[in-house]
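All chains are identified by letter, namely A, B and C, in their written order; residue positions are counted from 1 within each chain.
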Amino acid sequence: MISRALPLYVTIAIFLVAYAICYAQFPAMLSTRVIGNLLTDNAYLGIVAVGMTIVILSGGIDLSVGSVIAFSGVFIAVLLRDTGLHPIVVFALLLAVTTTFGALMGGFIHLLGMPPFIVTLAGMFLARGAAYMLTIDSVPIRHAFYDAIQSSYYLMPGKGRLTLIGVLMLLSVAAGMLLAHRTRFGASVFALGGGEATARLMGVEVGRTTVLIYAFSGFMAGLSGIVFSIYTGSGYPLATVGTELTAIAAVVIGGTLLTGGSGYVFGTLVGVLTMGLVQTYIVFDGSLSSWWTKIVIGILLLVFIVLQKLLLRLTQARLAPLGAAA
Amino acid sequence: MLLSVQSLTKTFPGTRALDGVDFELAAGEVHALLGENGAGKSTLIKCLTGAYRRDAGEIRLEGARISPRSTSEAQELGIGTVYQEVNLLPNLTVAQNLAFGREPRRFGLVDGRAMRAMARETLMGYGLDIDVGRDLGCYSVAIQQIIAIARAVALSGKVLILDEPTASLDAREVEMLFDVVRGLRDRGLGIVFVSHFLDQVFALSDRVTVLRNGQKVVTEATRDLDRVRLIEHMLGRVLEDEVVAQAAGHGAGAPIRPELLRAEGLGRRGMIEPFDLRVGVGEVIGLAGLLGSGRTESAELLFGVRAAQTGTARDADGEIDLSSPRTAIAAGFGFAPEDRKTDGIVGDLSVRENIALALQARRGWTRPMSRAEQVRLAKDYIARLDIRTSDAEKPVGQLSGGNQQKVILARWLAMNPRFLILDEPTRGIDVGAHAEILHLIRELTSGGMSILIVSSELDELIAVSDRVIVVRDRRHVAELTGAEISTETIVRAIAEEDAA
Amino acid sequence: MMPQALRRVLPQILTLAAVVMLVTLVFPTFLSISVSDGRLVGPVIDILKRGAPIGLLAIGMTLVIASRGIDLSVGTVMAICGAVAATAIVNGWGLGPALLLALAAGLAAGLWNGFLVAVIGIQPIVATLILMTAGRGIAQLITEGRILTFSHPGLAFLGSGSLFGIPVPALLWLAAAIAVTLLMRRTALGLLIEAIGVNRRASALAGVNARVLLIAVYMASGLCAAVAGLIATADIRGADANNAGLWLELDAILAVVIGGNSLMGGRFSIAASVLGALIIQTIDTGILLAGFPSEYNLVLKAALVIIILILQSPRLAADWQLWRRSRSGLSGSHAAATPKPKESLR
C-alpha cells in the first residue's frame, strides 16, 4: 500500500510545500481568486490529463490529444459560424467524432500490434491536418450561449470565481476516479498496465479494452476542446501545440507510473495544479522568466521518474514479511 | 477418473514434444508430474489448459471429451492452473486479484467493501489472515501462490494444476503451501503437481508420472517408488550405446593434468553456496544435478553473467576478473548458455554475423573484420561443425535448434578459448547432432581446451567427463573421478538427503 | 554487395520518384535548375537545403532506433545548440569557440540521455521526454527569452552560404550521411549496434559492451542535432529558442520509419532514412509549389505513417503467412518462422 501510494503522497506534499512557500512570499496567493483562476486556467489541461491518465495506466500513450483539442475548437467555431446549429448539438457531434477517432486509434493499435506511440503520432498529424483543412485562421466564436457560459460563475467568499469550466474539470476528475478505481473497466485498465499476457490469462478482453481506452481519451480530448473554446472564445488550428506532452508530464508528476499499472487519477489533478502553481508563482514574482516553468517541470519529471525507478527496485528486493500468515 | 488423457501427441517443427502420452488423475489425489527440461511436462500442461491445441489423442474430464481452446475456457470447464511465475497482477490489491472479472457491484460501481469482505472470507478458508486491501506485490511469493490457488479453485474447482509452485519458496513457506494443497485434496480436488524437488514430491504426492523426451516413462504410487529408481527414470539412458562407447575417453587411470585455473569460494546469495573448482588443461568437467540444483548458477558465476559475491578465481598469472562476461572473455573464457533464444543467438542477424560477433566484440569496433574474413570464418565453421543452413547470410533465427547451438559453438571456437562452459549443449537437439557435439567436445579437449559441461543427461556426462561434480540444493556435494563415474554413483549422490 | 544495398533502398527511391513525378505533373518546372550568381537555384536545390535539419536528425535517430531506443529530445537539443552558438557569437567569442561549444552542448545532451537509458535503465521514450520538456526552457534561459539575432558572416555561411554552387546545409547533411555510413560500415560499429538492438542480453554475453555503445548512440544523435541546430540558427541569423526544431523529432522518426527501419531495433540503413527525410521534405515543398494549401501536408504525412504501419505490422505479417500457407496447403519448410516478440517501445 505504502509503495503504491508513495508517489501520490510525495506529489501532494510537494504541492502543499510549494503552496506554503508561495504563501510565505506572496500572502495574496492564498486567496479564492488565485485558486479560482488556477482551476479555470488549467481546466482544459486537467480534463485531457484525466483521459491521458487512463491511457498511461493501461501502459499506452496518446500523442494525438493536443491536435484533437485544436481540431475541436476549429470544428466548433466553423460549425457555429457556418450553420445555425445550437452549440449543444455541435458539442454532441464533436464528441461523437473525437470518440470515434480515439476508438479507431485503439483498434489500429490492437489490430496492427504496433506501439501506441507511433499510431497516435499518425493520429496527431491527422487531427492537426483536419483542423487546418477546416480553416487556417483563428475563428472567433460569437454566440449568445457562449456568452452565457463564459459569464456564469459562482462567486466564492473572497471574490474568487469558480467558473463553469473549472467545475467541469473537477467533475471530470471525479468521473475519472470512479472509472479507474471503481469499475470493472478500470480494473481491466490496471490489469493491461500490469502485463498484457497476465491480463489475458485473467480474462481481460484485450482488444475491446484497448479500443475503449483510446475512445475515452478521444472523448476527454473533445471535452477539453470544448472547454478550451469556451476559455479562449475562438477556434485556432495552431492552438495547444504540445499539450499532449504537458498532459503526460502532469500525469507523471501526479505519481502515475509511465510504464502503466499504477497510479491515481486524483494525483493527476494535483500534478496539473502543481504545474499551474509554478506558472502562477512566476507571474506573481514578475522578475522570473517564463522558461523557468519548463525547467522546473523537467526537474519534477526527472525526480518522479527516478523515484519510480527506485520504488520498483525496492519493492522487488524486499517483500512484506511472512509474519501475517497463519 | 476425474481427468484422463489418452495418447496425447503434440508436434512442433523439428521436435515431437509429446508422443502418445497417457495420464490419469483421480479426485482427491495429488499426482506429481516429473521430468527434466524438454521432457514434455509443460507441453502436456499447456494442452490441458488450452494454451496449445493437441495434434492427436483425447482428454476426458469426468468422462466427457473436452478440447479447451483457451485458458479461460479450460477454467470454465473446471481446470485451473497456478504457475511458477505467479500469474496474478502485483499492481492490484489482493482483493481485486481474487475478485477480478466477477467483482461485486452496487449501483454499477465496484463495491470495494463487499469485495474485500469476500476476499477475506475466501482466504480465511486457507488459513490466511492478511490485509486484502494491500497490493498483491507486497506479499511474499508463498502468499501470492496461495492467493493464486484460491482464485483458481474459486473459478474452476475440479482440477488444479500446480506448475513448479515451490521453485522460489523457502522450507517454511513450502510447508505452508503443502498444508493448503492437502486441504484441497481432502476436499476432493484432483491436483497435478509439477516439481523438480524430489523431497517435495515424496512429501506431497500420491502418485508419480515421469516423462522423458516427450514420452511417459512410468506411473507409480509414490510409496512404491524409491528415490534412486525415480532419478534413473528421469535422467535415464538416452544415447545410443555406440555413441557412448565411442565418446568415452576415460579409463581407470585418469592422467594428471597441469592446472589451468582454480576458483575458491565462489558464491552468491540465493544462487549457489560458495564452491571451489580446479580445472586442468584439456579436462572435461561435468556438472550433474537436477533442475534448480544450482548447476546453471555455478556456470553463470564462472562466466560473470552474475558477479560472485564471494571468492576468487586465479590462474598461473594471478587473479582472474570474473565480474562481467567481458572480463571473463578477456581471460579466455567462453559460454554457451542454456536458453539459446534469449541468451545465445541474435536472431535477426545472419549466421555469419552471429559467428563473428564475439570475435569482433573482442577486437573492438575500430578493428573490423572484413567481410571476406567473416565469410571465410563462417564458411570454415559451417563446414567443420556441419551447420545445416542454405547459406551464411540466412538469419540465424530461422535455423533449427541444433544448428543454432552449433552457431553459438562456432562463435566461441572462433575465439579459441582456453576454458569453454557449455550449459545443456544438447538440449532440444536431434540424435545425430547430439552425437556430433559430443565428438566435438572430445576433439577440442585433445587440443588442450578445458570444458565445463552442464547437462541433465547422465549418459552424456558420463561419456565425456573426466570428472563429475554433483550439485544439490545449491551446493557442490560430491566429486567423482575416473572409474568412480557411473550412473549409479551420480544418482546416489543426487539422491542422498542432507541428513545422510 | 552493391545490388543488395540498392535493393534495400529501392522502395524509398521508387516512392521518392513517384512523389517527384506527382509534383512535376502539377508544377512542371519542379525539376528545372538554373545558375544565378554562381549558385544553383531551383526547387530541387531548395529541397536539399531545407531538408538539412530533418536529414541530419534522421541520421542520428536511425542509430538510436537501431539500438531499440528512441530520442524525443532532438528538436529541443537543436534549440539549445542554436542558442549556445548565437550567444557565443553575440558575446564576441569568435566562430571557432561558438561552433565547438554548440557541438559540445549536443554531445552533453546525448550523454545525459544515454546515461538515463543505459545506466539508470529508464525506457528511452521516458528518458528523452525529460530533456524534451526541460530543454526548451534551458534554451530560453540561454537566450534570455529573446530571439538572439546576429550578423556574423561566418556563422551565417553555414545556413545560407554556397560552396561550388551548392548550398552549405545540403553539403553538410550529405557529408554527415556519408561520414556516418562509412563509420558504421567500415568499422564494426554498425554490426555491434544492430546486435544490441536485436538482442541486448545475448550480445552482452558475447562480450559486446552494450552500455557504452548505447551511450555513444545517444551522443551521436545529440551531435547530429547540434549540427542541425547550427544550420537552423545560421539560416535565420538568429536563435529562436521557442521554435527552432519544434516537432522536428517527429519528422525525424517518421523519416526513419519511411526508410523501412524497424522501430523494434536491429537492421538499419542510413541511406534509406535519408531518402525518407527527402521524401518528407519533397512533400512539404511540393505541396507549397503545387499551390495546395500547406494544410494537406499533415494529412498526407498521417496517411504515409498509416500505410507504413500496416506494411510493418508484425501481427498482420504473421496472419498473412498463415493465410498463404493455408492457401498453398503445405506446411512448408521446417524452419520455424520466428515472428518478432511484440514488445512495446515504451
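Assume a residue touches a chain if its C-beta (ideal position, glycine included) is under 8 Å from a C-beta of that chain, and two chains touch if they have at least 3 such contacts.
These numbers were taken from a predicted model, which means no experiment stands behind them.
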Comparison of A-C and B-C by number of C-beta pairs in contact, larger one: A-C
Chain whose Cα centroid lies at the greatest distance from that of chain C: B
Centroid distance [mean C-alpha coordinates] between chain C and chain B, Å: 44
Intercentroid distance (Cα basis), chain C paired with chain A, Å: 30
Residues of chain A that touch chain B when the two form their complex: 1, 3-4, 178, 182-184, 186-187, 190-191, 193-195, 198-199, 201-204, 261-262, 315, 319-322, 324-326
Of all residues in chain C, those that touch chain A in their complex: 70, 120-123, 125-127, 129-141, 144-145, 241, 246-247, 250, 253-254, 257, 263, 293-302, 305-306, 309-310, 312-316, 342, 344-346
In the complex, chain B residues that touch chain A: 71-72, 75, 87-92, 96, 100-101, 103, 105, 108-110, 112, 127-131, 133-135, 137-143, 172-173, 176
Chain B residues within the chain C interface of the complex: 12-14, 303, 305, 325-326, 329, 335, 337, 342-349, 353, 356-358, 360-369, 371, 397-400, 411
Chain C to chain B touching residues, read off their complex: 1, 186-189, 191-192, 194-195, 198-199, 201-209, 266-267, 334-338, 340
